[in-house]
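You will see subunit A twice below: alongside subunit B first, and alongside subunit C after that.
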Partner chain A sequence: MSLIWFVEQPLWYLSATVFVVGVLWRLFALVALGKKEDLSVARGSAGGGAVRAVLLHFIPHGGFFSKTFFHFLAGYAFHLGLFVLLLFAAPHVTFIDERILGVGWTPLPRWAFILTAEIAFAGLIFLWARRISDPVQRQISDADDHAGTWLTFIAMLTGCLALQESNDALRIIHMLSVEVWLIYFPFSRLMHAFTWVLSRGNMGAVFGRRGVTP
Partner chain B sequence: MSAQKAIDALAGQIDSTVASYLEACIHCGQCAEACHFYQVTGDPKYTPTYKMRPIDRVYRRDKAPFSGLMKAIGLAPDELTMQDLEDWSELLYDTCTLCGRCTLVCPMGIDIATVVRKSRAGLVAAGMVPEGLLAAAERAVEQGSPLIKPGVLEKVVAKQSAEVGIPIELDKKGVDYLVILSAMEILNFYEVIGALAKIFKQAGISWTISTTAFEATNIGYQMGSPDIARTLVQRIVDSAEELGVKYVISPECGHAYTALNWDGPNMTGKRHSFKVIHILELLEQLRRDGRVKTKGLDGRRITYHDPCQISRRGGVIDEPRSLIDQISSNFVEMRNHGAANICCGGGGGVSSNPRAEGLRIKAFACKKEQIDELGGVEALVTSCANCRNVLEEAIDEFEMDLPVVGLTELVAMYLDEGEKKPAARKRRKKAA
Partner chain C sequence: MSHRDGIAIMLLNAPRKNVVRLARAGAVFLVAALVICAAATPSLSEGGLAPHLSTNPGPANTLGGQSSADYWRQIRQGQSFTLVNPQMGPPVLVQSEGQDWRIFRNETIKRYGGYLILAMLAATILFAALRGRVRIEGGRSGRTIPRFSQTERTIHWFVAAVFIMLGVSGLVLLFGRTILVPVIGKTAHGALASAMLQGHNLLGPLFIIGILAMAVVYFKDNLPRSADIAWFFKGGPLFKWHVPSWKYNAGEKIWFWSAVIGGIALSGSGILMEFPWLAQNLQQLQLATIVHGIAATIVIGFAVGHIYLGTIGVEGALEGMTQGQVDENWAQEHHHLWADAASDGPSAASETAPAE
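After this line comes the complex of A and B, so read on.
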C-alpha cells in the first residue's frame, strides 16, 4: 500500500463521503429545527421576499457600498477566482471527467489559470490580513475562521504547485490538503458556502410578508 | 442563580431561522458599518454580530448539528456563565435599538435585531433586565401602561375632546375601529388624540378607545420576555373582541406595530379576529378614497424620519410620503431614507433604560449627520412617538433648532374643514 494509492483511493472516498454526508446532514438538521407557522396577515409574499433577499444581498445596499468596498472587492475576487479554478483548472476538469461525472469541458488556458489564481490569492490574503489587523474583525474572529482560511490557502497553494502534474509528490500533497479541507468543511464555518441561501432566504421570507426587503 | 435557566431560555429561542443566521455569519464585521453605536464610539465590542455571541455559544454547544461530537472532542464553546451574561447585558439592552439596519449591509442578510431581541430572553431568565425596563414592564402589567396612571387617559381624552369640540366615547361597543395609543402620545403628544377625532369625523369613521387596553407599547416585547409580551398583546386582543371591532389601529409607535401586527398572533397562538391597520396605512387609504381631504401646503423645508419598525421592519414606507406630498410644498428626503434610514437611537427599549442614556444621546450624531446634510431643514416629521421624544431630547442636547412633528397631527392641521383655516403651527414644548 503506497501513500499515493492511499491518498488517491480510500482517503479520497472517505473525505468525499464525509463532505457530502456531513454537509447534507448539517443542512437537514438545521432545517429540521423547524419553525412555527406565521399567523400574521401577510402584506406581501414570503417566497418573493426570499428570492429578492437572496439576490439583493449579492451587493451591499442601503448606502454602504463605499464603506464595504474592500470586502466586496476582495470577497468577490477570492470567491469567483476559487470557483473558476475549481471548475476550469485543467487537472480539475480531467479529475471531474475521470473520477466524478464522466464528462469534461474545455479547461482554462495556462495564462488564464495563472491570472485567476493570482486574483483568488490576492482576495484571500487581503481578507485574512484584514481579519488579523482590523479591530472589529479581531474582536469577532475565532479559531475556526483562521483554520478555514488557512486550509483553503494551503489547498490553493499546493494546487498551484502541482499544476504541471509532473511531480507526484506535489500532486499528492495537494490532494491530501484538499481531503483535509473536505473533512473539515461540514464541521466548520466553511458551511457558509451553503447556509448563505438559507439565511438570506429566511430573512427575506419574514420581511417579504411585511412588504419590504431589508 | 445559575446560568442554566438563561441557557435553556436561549436554546428555546433558536428555531431553524435563527439557526440559519447563526450558521451563516462569516465574521466579516461589515455590520459594524451600519450600527450607530459602533459608529459613534468606534468600540469593536458594539459590532452587531458580537451581540449574538451568547446565543451563538448556546447554539454551538447544545443545539447545532454535531454539537455532541464537538463537545466530546473538546471543540464546543465553553458553557455560558453568569459573568458572560452580565458582560453582555449592556450589549443586548443598552446598545441595540433593534433597528435592523445591520441587516442591510450583511452579505448573509442576517436579521441581527431579531436575534438580539430573542437573546434578551436569556437575560430575563437570569434576572438581568435593566432596572428601568423591568419597572416599566411591571407597571405595564399591573396598571395597564408603563407611564400612564389609572384615570389619566380619561382626563386627557376629555380635554382633547373639548379642545376640538368632538365627542370621543370610550369603551364604545359596536364601532369599527379601536384606537390604541402609546404612553408617550398620551403623556407628551396628546394633541394626536384631537387630531384623530378631527380626521375620523371627516372620514365618517366610528371608533373608540378602551380604558383597559389603551396602551400600544409592549414593553415585554422590547425587554425580551415572551410571557409579558403575550400578556400585553392578549389584553388588546381581548378588548378588541369584547368591543366587537373590525380593526385595531396601530398608532404612531414603532415597535407596537411589530408586536401587535406581525408577532402578536404568533405570541397568542391565534389569528386575530380583527385586522390591525397602521395609522399611516389608514390615513393614506382614506385620502385615496377621498374621505379625508386636505387644504393648503406647509411651506417649511421638512424631512421625514422613518421609524425603523414602521419602515424598514414594517413595510410602511410609501404611505407617509404620499401623505406628506399632499400637505407639503417643500419636502426633502434624507440620504438613505426609507428602509435604509438611520435610527433615532432610542428604539427597542433603549429609551426606557436610564443606564443607556449617555450612549443614546451620543448615537444621535449619526441621525444628525443625515439631517445636516440636507441643510436648512425647518421641521422633522415622524410617525413614532418614541422616536419623536428621543429626537426632541437629542436635538436639545445637540442645541439644534428643529421642531419634531407627528405626521397624523400634521395631516390634521391641513384638514379641509370648510371655512376653518388650518390650525396655527406651534412648536410643542418638551414635557418635563
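After this line comes the complex of A and C, so read on.
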C-alpha cells in the first residue's frame, strides 16, 4: 500500500462520505427543527418572500454599503473565484469525470485559471486581513472561523503549488488538505455554503408573510 | 538554465495572540507538508510511481576527436545565425556575457544577499539582547489614540501576508540548492522548488497591487521632515531616551521607502521574468533577475528588523496595527509630535479600557 493509493482511495472515499453524510444530516436537522405556527393573518406570500430574499440579497441595499464596499467586493471575488476553480480547473474537471460523475466539460484555459486563482486569493487574503484587524470582526471571530479560513486557504494554495503536475508528492499534499477540509466542513461554519439559502429564505418568508419586501 | 530558475524574494512577519497561534498552526502544516514531501517522494520513486532516472550513459565521443578551440572561439566572438523568432534581436549562438550573468546571479547575489539577511538577523538579535524589550516607561495610561485606519491596517496585513509567502518561496528558489539539497535531497528539493515557483508566480501580481496601494495610502506621513534629522543625530532607537518624531520616525520612513522602492523594483523585474516576451532583449531579462535578487534580499533584510520592532521588540506597537489604537503614553514616548497633534484634533483621543 503506497501513500498515494491511501490518499486517493480509502481516505478520499472516507472524507467524501463524511462530507456528504454530514452536510445532509446538518441540513435535515435544521429543517426538522421546524417553526412555530404563525397564527397571524397572512398579508403576503411567505414563499414569495423567501424567494425574493434569496435573490435580492445578492446585492446589498442601504445600510453601510459604502463602508463595506471592499469587503463586499472581496467576498464575491473569493467565493466566485473558488467555485470557478472548483468546477472548471482542468485537473478538477478530469477528476470529476474519472472519479465522481463519469462526465466532464470544457475546462478553463491555463491563463484563465491563473487569473481566477489570483482573484480568489486576493479576496480571501483581503477578508482574512480585515478579520484580524477590524476590532468588531476580531471580537466576533472564533477558532472555527479562523480554522475554516486557513483550511480553505491551504487547500487552495496546495492546489496551486501542484500546478506543474510534475510531482506526486505535491498532489498528495493537495489531496490531503482537501480531505481534511471535507471532513471539517459539516461540523463548522463552512456549512454556510449550504445554510445561507435556508437562513436567508427563512427570514424572507417571515417578512414576506407580513407583506414586507425583505 | 531557464531565466525563471532563479526568481527570488522575501520575508517573515508575525502578529500576536490569535494570529500567533494561527501562524504557528500554519507553520506546523507547512513543516508537515515538507516532511511528507520529503518522505513521500523517495517512496513513490521506489514504488514505481515516479520515473526512475535513466542509467543510459549517452552518446560516446561527444568531445570530438580533435581540438575545437578555433570553432568555439568563433562562436564566443559572436558568430550569428538565423532564428525563427527574431524578437530578441540578432540571434547569437553563445552569449558570452550570459556566463558572467550566471556567475553573478548564482554566486555573488546568493553569497552577499545571504550575508545581508544574516547580518540583519544578527543585528536584530544583538539589539534585542542589548536593549531588551522597549517598554512603555510611563506604563499604560488607559487612554488610547487612533493610529491606523481600517484601510491602512487591511492593506498592511494584505501586503504582509503576500510578502511572507513570496519571501519564503523566493528564498527557497534562491538558496534552496545551497541550503536545502544537503538536508532534504535533490528529489524532495525538486518537488519543493516546483511548488515554490508556481506559488511565487501566482502570488506575485497580488504583491504588485498591494505595494502600490500601500505606497499611496502611507505616502503622506512618510515624507521627510526636519524632525527626522534630529532623530538620526540622537541615535534613533539605540539608546534609552526617546527622540520626538511625527507619525513615523526616520527609521520607519527608511523602511517604508525601502519597501516601496524595493517593491517597485521587484514588481517591474518580476513582470519581465514572468512575461519574458515583454523584454526587448536577453540582457533585459538578465538584468531583471539581478535586480530581483538584490531588491529581494535588501527588502527581506529590512523586514527582519521591522517584524521584530513591530511585534515583540516594542511594547504597545503591534496593537496599533491590530486594533487601530495605541496607548497615549506609548504615543507620547515614541511619537511625541504626532501624539500632541492627534490629541489636539477633534475626537483624536478616546477613553477606552486599557489595551491588552
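Please note the rule applied: the second predicted complex is superposed on the first by the 211 of 214 C-alpha atoms of A that agree within 3 Å, B and C clash if a C-alpha of one lies under 4 Å from a C-alpha of the other, contacts with A are read in each partner's own complex, and residues count from 1 in each chain.
The rule we apply is simple: contacts are C-beta pairs under 8 Å (C-beta built on N, C-alpha and C of every residue); 3 or more make two chains touch, one makes a residue touch a chain.
Everything quoted here is computed from the prediction, not taken from an experiment.
Participant: Quick one: subunit B and subunit C on subunit A, clash or fit?
Facilitator: fit
Participant: So after the superposition, what angle do subunit B and subunit C open up at subunit A's Cα centre, nearest 10 degrees?
Facilitator: 110
Participant: In the superposed arrangement, which partner chain does A:Val41 touch: subunit B (first), subunit C (second), both, or neither?
Facilitator: first
Participant: More residues of subunit A are touched by which partner: subunit B or subunit C?
Facilitator: Between subunit B and subunit C, the winner on subunit A residue contacts is B.
Participant: Tell me the contact category for A:Pro135 with respect to subunit B and subunit C: first, second, both or neither.
Facilitator: both
Participant: When the two structures are overlaid on chain A, which partner does A:Ile125 contact: first (subunit B), second (subunit C), both, or neither?
Facilitator: Touch status of A:Ile125: second partner only.
Participant: With the two complexes superposed on chain A, say which partner A:Phe88 touches: subunit B (first), subunit C (second), both, or neither.
Facilitator: neither
Participant: Could you look at A:Pro60 and tell me whether it touches subunit B, subunit C, both or neither (first, second, both, neither)?
Facilitator: It touches subunit B, and subunit C stays clear.
Participant: In the overlaid three-chain picture, which partner chain does A:Gly75 touch, first (subunit B) or second (subunit C), both, or neither?
Facilitator: In the superposed model, A:Gly75 contacts subunit B only, not subunit C.
Participant: Quick check on the superposed model: minimum Cα to Cα separation from subunit B to subunit C, whole Å please.
Facilitator: Nearest C-alpha pair, subunit B versus subunit C: 9 Å apart.
Participant: For subunit A, which residues belong to both interfaces, subunit B and subunit C?
Facilitator: Correct list for subunit A: 134-135, 138, 141.
Participant: Which residues of subunit B touch subunit A in their complex?
Facilitator: By the definition above, subunit B touches subunit A via 14-17, 19-21, 23-30, 32-34, 38, 44-45, 47, 49-50, 63-66, 69-70, 100-101, 103-111, 114, 261-266, 269-272, 275-276, 311-315, 317, 335-336, 339-340.
Participant: Given the complex with subunit A, which residues does subunit C contribute to the contact?
Facilitator: For subunit C paired with subunit A, touching residues are 15, 18-19, 22, 25-26, 29, 33, 36-37, 40-41, 43-44, 47, 49-50, 150, 153-158, 161-162, 165, 188, 190-191, 194-199, 202-203, 205-206, 209, 321-324.
Participant: In their complex, what parts of subunit A are in touch with subunit C?
Facilitator: It is residues 2-4, 70, 114, 117-118, 121-122, 125-126, 128-130, 132-135, 138, 141, 146, 150, 154, 157-158, 160-164, 166-170, 172-173, 176 of subunit A that touch subunit C.
Participant: Okay, in this complex, where on subunit A does subunit B touch?
Facilitator: 22, 25-26, 29-36, 38-41, 43-44, 53-54, 56-57, 60-64, 67-68, 71, 75, 131, 134-142, 145, 186-187, 189, 191-192, 195-196, 198-200, 202-204, 206-207, 209-214
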